[in-house]
Structures are given as structure tokens and as C-alpha cells.
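What follows is a set of structures to go through.
After this come two complexes, each holding chain A, first together with chain B and then together with chain C.
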Partner chain A sequence: MTAEATVAEISVTIGERPAGTAPGEDILLDVRGLQTHFHVMDGTVRAVDGVSFSVPRGGTVGLVGESACGKSVTALTIMRLLDIPPAEIVGGEVWFDGREILALPEEEMRHLRGNDIAMIFQEPLTSLNPVLTVGDQISEQVRLHLKVDKKEGLGRAIESLRTVGIPNPEQRVKQYPHEMSGGMRQRVMIAMALSCEPKLLIADEPTTALDVTIQAQILELLKAVQERTKSALMLITHDLGVVAEMVDEIVVMYAGQIVEQGTAEQVLTRPMDPYTMGLIESLPSVKKRGGRLSAIKGVVPSPFNLPPGCRFAPRCPYVWDACRTTSPELIPVGGHGQRARCLLHTPAGAPRRAAVFDTAASSGTTAGHGA
Partner chain B sequence: MGKYIVRRCIQAIPVLFGITIVVYAILLAAPGGPTARFANNPRVTEADREKFKKAWGLDQPVPVQYCRWMGVCNPDNEGLAVFISDNGVPNFLPAAVGGGTNGILHGDFGISISTGQAVSTMIARAALPTAILAGTALVLWLLFAILIGSYSAIRRYSFFDQASTVFAYVGYAMPTFWLGIMLIFIFSGPGLNILPAGGMTETRLSPPFGSDAYWTYFGGHPVQAILDIGKHLILPVITLVVVNIAGDSRFIRASMLESLSQDYVRTARAKGLRNRVVWFKHAFRNAMLPFVTNVGLEIPFLFAGAIVTETIFSWPGMGRLTIDATRDFDYPLLMGVLLITAVIVVFANLLADIAYAVVDPRIKY
Partner chain C sequence: MTDQATTPTPDTDETPVAAPTPADAPTPIRATPGVLEGEEPSVEALERDWQRDGGEVPSEEPLADPAHGIVEGEALLRVSGLKKHFPVYGGLLRRQVATVYAVDGVDFEVRKGDVFSLVGESGCGKTTLGRTVLRLVEPTAGTVHFGALDVTRLKSSELRRLRSKMQIVFQDPFGSLNPRMPVSDIIGEGLIAQGLTDRKARDRRVGDALEAVGLRRDYTRRYPHEFSGGQRQRIGVARALALEPDFIVLDEPVSALDVSIQSQVLNLLLDLRKDFDLTYLFISHNLSVIEYVSDRVGVMYLGQIVELASSEELYRSPRHPYTLALLSAIPDPDPRRRHKRLVLKGDVPSPVNPPAGCHFHTRCWLREQLGNPEQCVSAEPDLRELMPGHKAKCHFAEQVSGAKAAEFAAEHSTVVPAVVDA
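Here is the complex of A and B:
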């Protein structure tokens, strides 16, 4: 396999468009080489370090990774909600609906927020203002973007609460967030996000703060409204089980970089990066009943002291000398749009490749590799 | 809510009752006492002193003195009959049903030893000057503390923020008595001499404040009279508010910064709201919650009379009345002033609690 040939083939689906040119009409969100750094007292944290992916119109993409891998910062950078300073968008482009939004004046960006791009946050209690009624919080957004009066704004708030399955929405709009349960509050957040019918919905760990029975309900609701409104969904989560049911494409992040991307089926059934393999193996499943759950050894490296080579090398079970000195690139594997950041897929890793993917296969994961 | 207010008012009764006992006990324990005013007067004999004590009832046992002050005992009777009013019913009952007319229970604060006037009259006369001074100070204090504090938070680390930080530390470090004297020195001294050094009105132009003649004058020249009071207000108000503005602008800045870092502010920004709306509708209201309690605790000290400030500027208010009463061992007056102060403290706290419930929907009483 030659890298050049595959890049040409992949660009159709993943998108490596040259800087400064708009993506195709079918692409709603195109993030290219995004770099977001934080300048803090101890130094500079490269929270997002060259991330590229795209979300098609009406499509669903899952951003997966451990805490502090940069997935939330990616979302907040797209929304341009980070405080600058300490954050700094060092490089890259974000194309949304045919426009490069990192360069938009703040006033125009403000019109996009809540209207074309809406976001749902992790913690519904703290994400809602405790001193304002939920009706007020939803309708102020509707009134702002859809230019309707107070009465109509409240009417739409009631309507959107009904859409997300909240009983008695006429009464509920007058309530305060503390008068609702966690699941109800997250429904309110979803209702709020959908109230202006956005083109893109970013959900940042929408179920993490909820208890397990409510999690499933909220995910079903998200899926249902996404399908009905035809808005694109970018789902941020650390839970592979969640993305499996929710999204078409998966982007796996580790220490600020994408380590693997592809369709949900590719990534979940034939992971090509040892980190993704580790994530999948640490999922509990019926097949693995009785045994100990496997976990990825070690901890995420300190952002101030990243390993010189592959960032996953200190924790990788398949590590060899080259990994500690060479930073792998995100390269196409398998020939069907899947990409991974691992030296195993370079010519240098060829001798070890078979052994690794056989191991993975024997431990319950179906491994396949192109070449 | 109405039920809560009634309950709090009823709860205030035993609190105030307890305060009267404590204050009475402290005054008794203090050295001196009403007769100490004659200590340096060689013409007052021991016999005169005894006559004075008898006239003011100071020869009675302490519990009887207290009960007479409260209005439980009748000052005209002796022995067990002290509990009975002139109409033959228990003295503590309201005058309307034949009870006594003396004591706090019947709205009688007694007679000032040093002036011979009714304590209630003296307090009423001092209340208006204090209300004018405290009211003006309160408005300016809240206005500037909130403006400076929230603007500093919104423009954190800006020049304005740095400057207000310096002002806050300098202002907070300046003792009131020193600041007041410095202001007099600068603005009323021989150099500038543009503002009056003390008093509430220009005594050469108008009758003394509060007298009937003054109100006749006020009716005739309202604008002139108000401007005159305003001119006299400037220095004492500055003296009073600088420390409060300095301290509370820091408090509000911290509170606003915390509020601005909350998730709901991020949500508000994610909705595309204007900065103005994010700051003042979403962050500001939450930032005010802890401040409401703070204000409730600070208000009584303004309205009970800013003792130091009123003394420096000879302001004829509650603070000066307190100082005069203490200096003259005028216990009836002092007890009256302290009781009013206690009432103000209790009700300012009640007001703060009510205000807290109004601004924070999570609080239910």
C-alpha cells in the first residue's frame, strides 16, 4: 500500500481540503488542523493539537476519548466560547455552512450561536440559571433569534418542551430548574438547544451526570429529535457504548490529537489504533462475563510533559523503541476511509502488525487490517 | 411568606426582651453610674446625692428598677403593690384596659437624666438627621459598590480594575476618624474652605434643625434649605461610604467573577445572547445573592447612627445622641438608644431574609 494513493481515495470521505477553500455543499462542519492552546501559569497546554474532521449535513459524528483529551475544548473552540486569553486558537480553520467561522466578527458569530449551532452541556443543573424560570431561559433564545414577541416566545418554549416529552409544559415553563429532576433538566437543555432548529447540535457528554436509566431515555430522545429535525449531531462522550448506538462516524481523541477515525462500524469492530483497541476492551460485555474488566494501564500524560514520540507510548501494550522517538501521523488504513495514528501501520511497523492484530482478534475484538 | 414574616416578628419579641436584660446588666456592671456625673462637683453633698437617687428611683433594688423601666412595676407604689396600677389591675397590661402608663411596654422610654426631656422625643428628633445621612450614604454606597464591583469583574485586569483595586485597599485601610478629619482639613480648612466643617445647617442663616422655627423657614425657602443640608452632607457622606464602597466593591467583584465562571453563563453565551444580557440578566442576579445578606448586616450600623462620623461632623443624629448619653451617664437615654438599635438590627435582618427569598427562587419560607 502506498500512502499517496490512499490519501487521494480517502479525501472523498474524510476531507483534507486545502486551507482557505470551502468544503462541498454536503459538508456542514469542517474542522481543519485545529490547534487550541491554553497559556497558564505553568506553561502552555496544547489542548487541541491539529484536529481535523468533518460533519456532513444531517450526519452524526461521535467524538470519543478520556477526560482531558481535548474533545470538549474542540467543541468550545467551534462555538468560540473559550475565554481568550488564557485560550488561544493557534491554527486551523473551522468551516460551518460554507463560512470560515473562526474569522467571523464576534457579532456575526453570536447570531450563529443558539440559532445555527446549539450546544447541550454535561451538567444540566449547573448549566441552567437557578434564578430564572425554564420558560424564560428557552424563550429568551427564541425571541432573540426568531425575532418573535414575548407571548410567541413563551408559546414556542412550551412547544419545544412538549417535543422533548415533558408533561404539562404549560405549567413547567413557570418552574425553576431546582424544581425539576436531573432527567427533566436535561430535557429542558435539549428543548432549549432545539428551540431555534439549529443545523448542528453539539452534545457534550449529555448523559454523564444522569443516572443510568435516565441516560438511555435521553439518548433515545436525542436520536429521535435529531432524525426528525434533520440537524447534524456532534456527540462528545467517553462512552463507546453510547456512540455505538448514536452515530455514523467516530473520531477518537487522545492527548489533544485524533488517534483514529472512521465509520462507527469500522472503529468499533476493526479498531486500528492500540488506544481504541484498549477502549473497546475495557467495555463490559456479556461475552466477557466472569473475568476481570481490562483497563488501559497508566494515566493520560501531563499536558506539560508529553512523551517525545507517540503520546500513547507509555501506556501502549505493543510499544517498541521507535514509538518513543517517532511521532506517528494520522494515516489511512484499510482503504475504506478509516485512519489511525500508529507506527504499526507504517512500513516500520509491518513486521509486528500481524502479531498485534491476531492478539486483538483472540481477545474478542475482530481485527482486520488492510495491506 | 406572610406567615413567615409574622413568625419572625413574634420571634423578635423574646430576642428584644433578652437584649434589654443584657444591656441593662452591662450598664449596671459598668463603673460610674448616673451619680458619677457629680463626682467632680464639690458643691454636691452626700445628702444631695441620696436625694438625686431617690428622685430617679435609683435607691430601689435592681430588679424593681428594671421592671419599672419595662413597665411591669408601678413607680408610684411600694412593696408588692408595685405590680398593681393606679386602676387596680396588673401594671404590665395595656393602658387601655387600666394597666400602667410607664415603661417600654407602654411606649414610654422614660426621662433623660441630663436634659429632663422625654427620651422618645430626643430619639425622634435625632432620627431624622440620621435617616437623611444614612439614607444618602446607603444609596451612594450601593450604587458605587455595585457599579465598581461588577465593572471590575467584567473588565478583569483592565486599567479600571487595577485602579479600583488600589482604591479599595487604600479606602479600606483609612480609619473613619482620620478620613473625616483629613476631609475637614482639606475642604474646610483655611486653604480651600469650600465646605462646612460640621453641623447640619448653616446656623447663621436658619433656625436650629428640627425646631418649629426651622420648619417654618423650610416651608419658606425649601430649595435653599435642601441645598444647605446637601452641602453639609457631602463630607460626612464621603467619610461614611468610602470604607463601605471599598470593601463591598471587592465583595461584588469576587461574587460577580464567580458567577461569570458558572456553567449557566456559558449556556447563556452558547445561546447567542448579547454580552450585556449575559452579564446583567444571567450573571449579575446570581452575584447579588450573597450581597443581599451582607447589606442586611451592614445597614443597622448606618441607621443606628454612625457614631464616629456623626461626632466628627457634629451631626445631630442617633450616633451623637449615643455618645452624649454615654458621656453623661444618662442611662434612660442610653437604654432607649440601644433598644432602638436592637430593633433596627432585628428588622434589617428580617428584611434581608425577605429580600433573599425574593431574589432567589430556591429559598422558600
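Here is the complex of A and C:
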């Protein structure tokens, strides 16, 4: 396969499927070539710049990246929760449950939100209404979406609090958010998100504000309810440990683009993109004790001044001249669904490839120099 | 936020200034209930304390270098019985209605050249402890010896001179730098406070400090907003470093940073320790970072150290049930290693009203496994030495093991209640 063919193939299909057609029945969410820009005083920020991935029914996908890589904006675009302007959805399609939802009227979108797609945010205190009891907040949502009466709504609220492990839910529904601890509020958020049994749960850094023992509780809870309700999970986080425990597939983002995607095991144990490799390498762990942490040099480029070629080139340890002029495509690596955005995987990078990926890493690839 | 490290603020450290000559006496450690913390004590109260303490004016101790003569491996900092209690006021008359036991009797030593880490969840008192050690917060009781010097007995003028030897780097790289000051002033402020008034010499020191942390000398005219989070944290480190300290408290120095930047700053901190002969008190909630940087670790829970050991020992064979739970809770970035997690019940209890006996007994999995022995509720365990250099505050520390924890984790359902029912 030549590089030209690969690139051509990618450009006709946005992501996996041709534009304008519904994905297969097994795909719940299909994001194709999504582009979200922000128009601000200093210019245009291409926050999400051609992002394509899909979430199977009941599947779990993690969106990973550092601050400002576009992972949260991707979620907010899917939920259509961005303020337009300054945001603008410039291009792409989002297929959810057989329908394209970017073009859906707001009325229908509102029905979809909460009913079929629910979202959990990082900071539960600011996402809950401080002047309503948690019972009122959950039952309000249940009544709106499931068209049940007040009593039934409250009953559902109590039931959902019980399923997320809150004891005495009959008493707790009468409490206000400020009367609860951080972990407890996040449980309320999860209860609320799950009260309408959504098909897709989007969790944006659900445990980042929590202590590690509370994080463990919430992750176990999310896993348990996800397994029970069979809803799909899209988890957004910067924590590689959290994704490793929670999801089957990983999408790594950098500067608005996907730089690598594959199964959790592929991405975390045999990363094929230098950025992912750098991220994993920079985690402090036992084996590096005493030695130096391998840090990624430099900082994330300014969104107003992105490098002309590969966006990671200025920080990449394997950079060569072509990287500074050619923008790499997200191309299949290894033939098992893993993709990476790096010139090393094109024929032009072939001579350098062996030096970068040691034999252990490359044994899983079909890139021409197998085990 | 003002920079407490380089300019001691009057409301915390300089109470004796208000008093007449006798107030040159050391600041009394106010464990007496008559004087409430957080309020400016009256001149009379200070005089009374001073007379009660004997009214002796201490001899001018030479403050040149309290760490002088201490070689690598000897204790540079010795903390004993340190307590910090904050009063809670309430009611119509604003009487003290409760006490927050933020730091409640802590003993540890930091050896010269070591990285001693304090780890714990939010509200465990690790930050308050770090600040009390520097007397940015006045202790309620206990002593802190820096070399031969008892920091808790120092006058404010002596304390100010000591500040150049003991520095702090704060967590928030945005809140801890004055947005209206150029970098030269942010770093130079502490030098002025230490009496370096010569502009040229100061600029040189500022430039040297910037270079040491990997920033360019000519950044001195820039303002904090022109820097990224990682660079700001470097400026915070440069500010501490410019004073040529022996000892630095690093309060969550990398917690606000992205992973790739975090490793840059950690590398920098470890390099500086070697290059400048520094000793660190490293405070963090991140167990992987702690494991990477520390020589010795103290695990805190509700204002107390519950386990104290070398980093290797602590991570290899933890002996306190809480430490085990903390370690088990770290998400592992390797998807091939999936383990059944030991999940604690409920939240950390309030430090206003810590549980009787062992503070951890309300969430303790070992206690449950042992059939809820009475001892855990009736008696507070000591921080006992189990092996040389390894202490744990648990009646049943000998019974703690990874196998026991795994057994417990396997037996229990995954959805853990949010609150422990009494």
C-alpha cells in the first residue's frame, strides 16, 4: 500500500463511512470529520479539527489528552451545548442512534439530551442547582423526559440515589447540594444522568476533582452501572490510569486532532504515535525511580499559531525535515484497527521506523518489519 | 494571594511588633485557652504571656547558618508534637463553638539531602503542616527544630532572616504570582526583604535563579500572564531558589500541571536538589509522583501521620490499612494489570470531630475483617516502630498484608455506599 493510496482513501471517507449515510446498527455514536472553531478577538481557534471516531452500542471509549487538546469541546459539540457564536461547527457529522444530530432542531435535541445522551461534568458543585434539593433536581428531569407525575418522579429519584450507593435516599432527596461532600455530589450527578436510562453517557473528567479513595469509589460505581444498564460510555480524561481501567478503546487528542486511536491495550502498551509514547513515558513509575523522567520538551503550541506541518513536530524527539512541512494523516498502523498520525508510518518514515520502535513495540505491526 | 514566603505578612508572624520593648521576647506558643488563635492578641495579653514565661530576653542567637555542620543523612528538620488547631466561631456572640484539629500531634524528621513527602487526601492537614513548619501558620503546640534552631521560639526579626534558609513553592502557579509585578520584582522581592538592596547584585541573583530553573535571563521584564503554567511554576521555584535556601517546602508543586509538563518540573526539582544541596518537604496527594521523588514518606489521615517509612518500604509492604487502600486506589495505566480494588467506604470524617480511638476506624477494612475489635474505638493507637525506620499507627499493623486486602476486596460488592452508617 502506498502512502498516496492511504491518504486518498482517508479523504473520500470521513472516518470510517462515506458522508451522509447512517452507520451500521451496532454503532451508537459516529463522529465524522468534526470541526468546531471559536471566533475570538485574537482570531480563530480550531479547537476541534477533523475528529472522527465511533462508539459501539454498550461500548466504552476514552478521549485522552492534555488541557486544551479539544477533548471537552468534542463532547460539548456532540451534546450541542456550545454557545454559537463564538463557537461554530464548521464541518462534520455526528450520527447518534441512526440519526444525524448536528442538524436536528433544538426542540428534538433537547429531548435527546437527558433521555438518550446524558453528561456528567467535572465539577459537581457547579453543575448542580444550589437552590433546589437533589430530589427536586432528579425528579424534575425524570418528569420532563419520561412524562411521569410528581410522586413517581420522586420515587424514581430515591431509587436512582439508592443504586449509586447513597444510604437513606429517602432523607437524602431532601438535601441541598452544599450539604453533601464532593464524592456524594458526583454520585448525585451520576444518579441524575442515569435516571432516564440513557443510551450514551458522556463523563467529562468525572473524578478529577475527587480524592483518590473517592475516585476509586466513583470509578467502581460507574463501571457497575455501565455494565448493568448496558449504556455506552464516553469517558473524557487526562488520566491514563483512569482510561486504562475504564474503557475498551482510546482516542488520543493533541492540538485539536486525533493523533492515535485503538484499543486500550494497543494504545497504552504499544503506542505508535510519538506524542502518546511521550505521555506514557512521562508518567512517574517505579521502574524510573532514581533515573530521570522522560519529559516531553516544550509546550503545547498556541492555537493561533499552529506549526505548519505536524502539530507535534516542535516537541517531537524523532522529528525530521519532512515533519515541519507535511501534515501527517491519521493512518492505519499494524492492521488491527490502530491508527496513528505520524510520518514514521508512511513510506517516507520507513528508514527511521526501526530506530524508534524497538522490536517489542513493532512486533504487533505489519508495517513491514515484523517480529 | 500575597507571597507569604518572601514577605512575612503581619497578621501571622509579627504580633510582637505591636507590643512595647518587652515584646522582644519570643512569641509564646499559645496553647492556653485564654487567647484564641486567629485574633490579634492585645498588647496586655502578650505582656502577660511574656511575664508568665519568665520575661527573659533571649540572647541574640547567631542566625548565620542554622544548618551549618549538618552533613548528608543527619536530621536537618525535626518536628515534634506539632499541633495546629483552628477555632470555629459561631452563634450570636461569635464564641468559639468548635475546633478544627488540622494538625494534631505530628512527629517526624527530615534528613539533610532527602526528599521527605507527606501524602494524604484533601483535608488531612498536609498543607497546614507544611505551613506550620515554616511558621507561615503559628503552631498551637509542639516544636520545629531547623538545625539547632527552634523555629517556634523565634522572634519575628529572626524568623525573617531565617526565611532565606526555608522557602516554599505553592501549588497554584496562577494564584501565587502577583499579576502586576514583573518577574524581576516577583523574584527580587524576597532578596530585598533579606537586605539585598543593591539593584545590580539583585538583578544578577534573579537572572541566576531564572537560569537555574531553565528560563531565560532576559525574562525579567515580563509579567506572569505571559507565561504558561509550567513556566509559572518554574518562576515560583526560582523565587524560592534566589534566596539560596537549604530547605524548601514544595506544596503540590506539580498538581496543577499537565502530565507532560509535570515531568519537566519534577526533573527540574530533582536536579536542583543535587546542584544546590537542597532538602525538600514534598507535599502531594499524587501517590505515583510521591513514589518517584521521595526518600521517606509520611502518610497523613485526619491531622496525624499514620504511617512513616522509606519510600521503597512503604510501597512494597505498607503496614497501615489506610495506606493499603490508598495504594490500591491508584488507577494503573497498564490495561494488562487489572486488580480487584480495595475500595474504602464513605468520606474522610470531619477534622472538627474526629472519630474516637483510631481516627481511621470508621472506614477501616481490616477492622471489619477482624470482626470489629473494641480496641479500635476505645484506644488511640501509637505510631509504633514495626521495623527500624518503619512506623505505623495501627493496633493490628502486624496483620496488614496485601493478601488480606485482596481477600477483602474480593468479598465485597463493587458499589460501595457513599456514607458509613453509624
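By our rule, the second predicted complex is superposed on the first by the 340 of 371 C-alpha atoms of A that agree within 3 Å, B and C clash if a C-alpha of one lies under 4 Å from a C-alpha of the other, contacts with A are read in each partner's own complex, and residues count from 1 in each chain.
Rule of thumb we're sticking to: contacts are C-beta pairs under 8 Å (C-beta built on N, C-alpha and C of every residue); 3 or more make two chains touch, one makes a residue touch a chain.
Not measured: the values here are computed from a predicted model.
*Asks:* Is A:Met79 in contact with chain B, with chain C, with both, or with neither (first, second, both, neither)?
*Replies:* So A:Met79 only meets chain B here.
*Asks:* In the overlay, answer first, second, both or neither for which of chain B and chain C A:Val242 touches.
*Replies:* In the superposed model, A:Val242 contacts chain C only, not chain B.
*Asks:* Taking the superposition as given, does A:Pro130 touch the first partner, chain B, the second, chain C, both, or neither?
*Replies:* First partner only.
*Asks:* Is A:Ile166 touching anything from chain B or chain C once the two structures are fitted on A? First, second, both or neither.
*Replies:* Second partner only, chain C.
*Asks:* Under the stated touch criterion, which partner chain does A:Ala87 make contact with: chain B (first), chain C (second), both, or neither?
*Replies:* neither
*Asks:* Is it chain B or chain C that touches the larger share of residues in chain A?
*Replies:* Touched residues of chain A are more numerous for C.
*Asks:* Once chain A of both complexes is superposed, is A:Arg110 in touch with chain B (first), chain C (second), both, or neither?
*Replies:* first
*Asks:* Intersection of chain A residues contacting chain B with those contacting chain C?
*Replies:* Touching chain B and chain C on chain A: no residues.
*Asks:* Applying the document's contact rule, which stretches of chain A touch chain B when the two form their complex?
*Replies:* Result: residues 79, 81, 110-115, 118-119, 121, 123, 126-133, 140-141, 144-145, 176, 178, 189, 192 of chain A touch chain B.
*Asks:* What residues of chain B sit close enough to touch chain A in their complex?
*Replies:* Residue list for chain B touching chain A: 262-264, 266-274, 277, 281-282, 285-286, 289, 359-362.
*Asks:* Please give the residue numbers of chain A that touch chain C in the complex, ascending.
*Replies:* Going through chain A, the ones touching chain C are 66-67, 163-168, 181, 183-184, 187, 211-217, 219-221, 223-225, 238-242, 244-245, 264-265, 268-269, 278-280, 282-286, 288-289, 292-297, 299-300.
*Asks:* Which residues of chain C touch chain A in their complex?
*Replies:* 121-122, 228, 230-231, 258-264, 266-267, 270, 285, 287-289, 291-293, 311, 315, 325-326, 328-336, 338, 341, 343-344, 347-348, 414-419, 421
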